Amino acid sequence: MGIKKEGIKLINEDGLRIDGRKPDELRPIKIEAGVLKRADGSAYIEWGKNKILVGVYGPRELHPRHLQDPTKAKVQCRYDMASFSVIDRKRPGPDRRSIEISKIIGEALENVIFTHQFPRTSIDIYIEVLEANAGTRCAGLTAASVALADAGIPMKDLIAAVSVGKVDGEIVLDLVKEEDNYGEADVPIGYVPRTGEVVLLQMDGDLSYEEFEKALNMGIEACKKIYEMQKDALKRKYVKVATEIVEEVE
Amino acid sequence: MGIKKEGIKLINEDGLRIDGRKPDELRPIKIEAGVLKRADGSAYIEWGKNKILVGVYGPRELHPRHLQDPTKAKVQCRYDMASFSVIDRKRPGPDRRSIEISKIIGEALENVIFTHQFPRTSIDIYIEVLEANAGTRCAGLTAASVALADAGIPMKDLIAAVSVGKVDGEIVLDLVKEEDNYGEADVPIGYVPRTGEVVLLQMDGDLSYEEFEKALNMGIEACKKIYEMQKDALKRKYVKVATEIVEEVE
Amino acid sequence: MGIKKEGIKLINEDGLRIDGRKPDELRPIKIEAGVLKRADGSAYIEWGKNKILVGVYGPRELHPRHLQDPTKAKVQCRYDMASFSVIDRKRPGPDRRSIEISKIIGEALENVIFTHQFPRTSIDIYIEVLEANAGTRCAGLTAASVALADAGIPMKDLIAAVSVGKVDGEIVLDLVKEEDNYGEADVPIGYVPRTGEVVLLQMDGDLSYEEFEKALNMGIEACKKIYEMQKDALKRKYVKVATEIVEEVE
Amino acid sequence: MTSEEIVSEIKRDYINRLAEVGRRIDGRAFNEYREIVVEKGVISTAEGSARVRIGGTEVVVGVKMDLGEPFPDTPNMGVLTTSAELGPLASPTFEAGPPDEKAIELARVTDRAIRESGAIDLQRLCIEEGNKVWVLFLDIYVLDYDGNMFDAAEYCALAALLNTTVPASRFDMGDDFKLEVERYPISMTFAKIENSIVVDPSLDEDNIADARLTVSIDEENRIRAMQKGLSGGFTVDEVKKIINTAMELAPKIRKKIVEA
Amino acid sequence: MTSEEIVSEIKRDYINRLAEVGRRIDGRAFNEYREIVVEKGVISTAEGSARVRIGGTEVVVGVKMDLGEPFPDTPNMGVLTTSAELGPLASPTFEAGPPDEKAIELARVTDRAIRESGAIDLQRLCIEEGNKVWVLFLDIYVLDYDGNMFDAAEYCALAALLNTTVPASRFDMGDDFKLEVERYPISMTFAKIENSIVVDPSLDEDNIADARLTVSIDEENRIRAMQKGLSGGFTVDEVKKIINTAMELAPKIRKKIVEA
Amino acid sequence: MTSEEIVSEIKRDYINRLAEVGRRIDGRAFNEYREIVVEKGVISTAEGSARVRIGGTEVVVGVKMDLGEPFPDTPNMGVLTTSAELGPLASPTFEAGPPDEKAIELARVTDRAIRESGAIDLQRLCIEEGNKVWVLFLDIYVLDYDGNMFDAAEYCALAALLNTTVPASRFDMGDDFKLEVERYPISMTFAKIENSIVVDPSLDEDNIADARLTVSIDEENRIRAMQKGLSGGFTVDEVKKIINTAMELAPKIRKKIVEA
């Protein structure tokens, strides 16, 4: 959370936010599965101005061998921001922020993957943020779930994720960059609809217990909507593949 | 050795040094063995204002395997200065100075460890300097010997170490920071009392043959005193352990 | 290619270049084989002001094992410029330029080595540029071929290499530093006389098709001369060795 | 299975069976911390320092300060930089080398608890807007790792800041002055092991935990930072219960750190 | 032999037998490119950007600009810096980590095609001689690698430059203005497989190629850059034939990139 | 045991048996150096340079100079920076990569011999107190390693300094001038092999040595630097004997280096 600047109003008198959204309104989200040729599974997400590509490889043999886990697959995630994805150019390669995000996204995804079916292997998830505008970790996690499903990796469910925050004293859904910079709190949430479990949860800022409770509920409701978009994206992909197969056969 | 600044007097008219010590007097030294829970062996030393913690692990299997020596254990030492151990913050992690010191301390310790009893393993010594005030390599080596003994690693003897130097034209024992900065020579010595061998020896500055001889003798005499403190620390540890066992039994 | 500075004339009215050479004239070249004691093969080349030493090791077992190729030897080349080899000191260690040059020299050398005779091994070529004055990659490749032969590694031929360029609108052989800095094109060529194949080829600058054709022909003709010098160097080495053996026997 | 894995498996079963009957392996209650020992001012070369022990876990934090430039987007604020070193002497599983993802997470989670709570008013560390500010290095060294290093690091960081004197005179910037600490965030870490949730996990508990949640509470009972870790999940009710427990535990721990 | 190597061996034989009868594995003519798709302005945080697909190969290039100092030996010229990231999502053989020799070669070959052709007049990027210039970062991200990344990278770099607006107002340097592109170099890559030479190698062709040659041709049919790769060699006649083919192919590709 | 280890074992026995009868494997006396060859001014791009051979060991040192800022604690002194590269061409056991602990020890031991003896008066390299000084890079390249690289590096460093011209005119700082060398420290390295001590160990001797001691003596017979290496120890008498031998040997070696 940044420093609140005097005079910046993030919610207007009609209760609308700087991009015109209502407090509990998501930005437009487009998800597409199976967008890469080489990756075993992939997904592309446009979430507001965020543009993120995810490629998945695996299960594949893990090298070097002494890192193999004889009881399960190792879930390895790399979240990376392209140098041009932000206004001030980012040096290519991992920084401390992206290393932490990679860790928590990887841990969350491990929750839903049946890792014990693939001992000694790795399942590698590569998240490439091409353009960033707040909420990339949630958008990346959302897309990564779709990419894993696209790769045919057995999972107990998808993870849907969204960030909730506090802006001008109000709890609002899915922060945009200005809200993230000048708001009072940010709570990224990753949720598994089928089990009702929260598998990613961070928070920074300043929230009362009641505010946090409200944020959590708002986030989970939104995750349920995002979950439907994820399933839609996968369905479209399979319809497309099926159509292609039918066309080939004909 | 730094540049002698005009007008700085390091030995006064009574022959005493800036901290009031006589030329052949050690700073106060406190050694404690077995201070860490997880390490196989450990020691803590306060030597003047130096505060150093040593943890030892091993013998343990060495990875990767191609680094294993089929005839003996590999003695690996890492001397590290905490960022806040000096007035001008040091970047965390190894620099060229600490890499050299790690090497010569490790070589010295290899002298006294029965490495041939533990082929294919490593014995790892981690020296963490929490506060530094000249003489950390000698204090670290002294404490490392105690930590190795505390770990129950078979050794032919302990190593005691101390630095001797030349200040205002006089040979003095155990330099303090100002003496190290503005003195004329520094001779760190590591000594094995049982064999009478010098196993660590460096020197820089300007010494005649006679001065060096005097410094060497003064250092070895001091090492014999330090050796007694090392043995005391180990005895106190075993008494303490024994007492605890007795208390548990009762 | 640098920026042409106004008023700098690189070819005078007699058609001679700034060091007095004719357009198709090589700088003086001295090659010596077998100059290092430890390396399996070695060569030293002085080419104009370029001074380059090459050491070769192998075929030797490649570590770590998972990098081994079960069908052939791996040819690994490291081109390195000493910090003092250029006027503005170069930081020791590889930069992007030297990594690219290492790659293309290694690929060229792989062309002439019978790598399939030595599966699972590496053949390591270390090129150390002690003094540089344009054309080091060609001089290094030329010397590396001699060093490989000196190491007794089976090869189908040597590679001779030279750079051709365009200066003041004219195609000239073997650019010197000023020509490289202020010229209009640079074409390094590596050539295998026995097969007539070009195995190293780069170009930057501005050439018409006809100019390029002229440059390529001029380069290949020069490579044939360099090839003779390479063979001479190897002959001198064997004569020297043979003489020593005879002398020892007598 | 290696013998280590077998031991871990047996321990896991044992801890789980104990949990079913409401007990922990070291006899503590589910919401009970091990002994916390706080010592301030342990390093005289540092601007501020502290040593904290929670059970067998030991952390030292040193504060160093230097002059520097502000970040372009916060020209009137000092710079806070937090690092963590998981010393290889602290655990057989910690390796020497640059900070890995575990060390980076520890540093960033501690940093957020301090920064987001406004523990330090960085504007007070501005000397000349846009040009010269104090840079505060908060360096965490984990020396003995016996479980729950997140809380030990955060308490130690807070204690070190409470002990800090800005070394103005050394930089010809006037008299030295005490760093003011504005907020007292307290982090509390909970581990979920099968169906039970325990605070301040011991090493054995840390090793087998399914999920981890760290919550930072300030002195006005407001939530200032959270971090979930590991692959397990929490239900919404579990999250709420954890926050409630944290709010109960925080004041006593805060008192211990402030008054040390 | 691993199964992978056996497949590769079989594929190699198959491709070679096809070549003998004048055919390629995907039915293309020897001098035929796969479909090239160019899209400009895909990243709004970048000063300029483009996405290029050649068959299944996909590259995104973003241009970022900043103020900086010129190099001492070119005090009146802006700075062009080219990097390439072979994203690990793009191929099972690409590994995460700092650019390896493949990525460095890609960046340097693309850089030379742009720089040596004078595509950008770096003197126009000088603001104050010897003191202040524009630094132009040309960052290439390979996202899907299906053969021939050299050409995809170069087309994408050129397209991104054609799309670039210098963000002068953000740096209080007056109004934004379009970056002028002075030359339109087009790189074309040829692979030699046994005795046949094909343009725009597909992944299978790239994998078994003996030698590779990339040639950059500008709009006046002049050669601006070349790079030979791999251990195979080319005869002089082959080199000449490649350049001639490149000169034939360039205009159509250039049109597609400029007009996209 | 690998065959290499067996050879090493056999060699060790052989060398030890020779030592018992007062002989070395290459026929030298215990206090005898191999042939030392010194050549100055071998690199024209360097401010100063030298090549030194001791037997089959070969080292090149180049001096480069640049303008820079002094260290804050020595505002009136130039900066001396010493690095060492153990080129992978010099030995099958040297690996490419950043300097490892062996290279760092070599650089630091050489640096101390030069620096602590006052060979260079760094105050003369100060141009403007606190602001501008000469930075002298002393870069050691080991090109062929046949034992005793410590002495070869130190002689070569000293010879390169004796050959150095400060390139003032290149930096618009007036006329070039010879660097003055104030002291002539000579390092001599001794190896202890079982009970015998030899000077200038050959490769075989280096490989099996139990302990190593390097002593630097200046032209007034004063000790300026020492470094013990390896895990073996020296008795006090051995140390004294080594210093005495070094004092005997130094003048002749010094003469060779100065006059080369």
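Labels A, B, C, D, E and F are assigned to the chains in the order they are written; within every chain, residues are numbered from 1.
The working rule: a residue touches a chain if its C-beta (ideal position, glycine included) is under 8 Å from a C-beta of that chain, and two chains touch if they have at least 3 such contacts.
Predicted model only: the values in this text are computed from it and were never measured.
Asker: Counting only C-alpha atoms to place each centre, which chain is farthest from chain A?
Answerer: Following the centroid criterion, the farthest chain would be F.
Asker: Return the chain whose centre of C-alpha atoms lies at maximal distance from the corresponding centre of chain D.
Answerer: It is C.
Asker: Taking B-F as the reference interface, identify its repeat among A-D, A-E or C-F, namely the pair sharing over half of the contact pairs by residue number.
Answerer: A-D
Asker: Can you give the whole-Å distance between the Cα centres of chain B and chain D?
Answerer: Centres of chain B and chain D (C-alpha means) sit 31 Å apart.
Asker: Indicate the whole-number Å distance between the mean C-alpha point of chain C and the mean C-alpha point of chain D.
Answerer: Averaging C-alpha atoms per chain gives centres 58 Å apart.
Asker: Averaged over CA atoms, how far is the centre of chain D from the centre of chain E? Could you give it in whole Å?
Answerer: Centre-to-centre distance between chain D and chain E: 48 Å.
Asker: Can you tell me which residues of chain D touch two or more of the remaining chains?
Answerer: none
Asker: At least two partner chains per residue is the criterion; list those residues in chain A.
Answerer: Residues 64 of chain A touch two or more partner chains.
Asker: State the interface residues of chain A toward chain E in the complex, per the touch definition above.
Answerer: Against chain E, the touching part of chain A is residues 36-39, 42, 49, 51, 53-55, 57, 60, 78, 80, 82-87, 89, 92-93, 124, 126, 128, 130-133.
Asker: Where on chain E is chain A touching in the complex?
Answerer: 42-46, 49, 56, 58, 60, 62-64, 66, 83, 85, 87-92, 96, 98-99, 137, 139, 141, 143-146, 170
Asker: Hey, which residues of chain B end up touching chain F in the complex?
Answerer: Contact set of chain B toward chain F: 1, 3, 70-71, 75, 96-97, 99-100, 102-104, 107-108, 110-111, 187, 192, 195-209, 212-213, 216-217, 220.
Asker: Could you pull out which chain E residues touch chain C in their complex?
Answerer: Going through chain E, the ones touching chain C are 1, 5, 74, 77, 101, 104-105, 107-108, 112, 115-117, 213, 221-236, 239-240, 243-244, 247.
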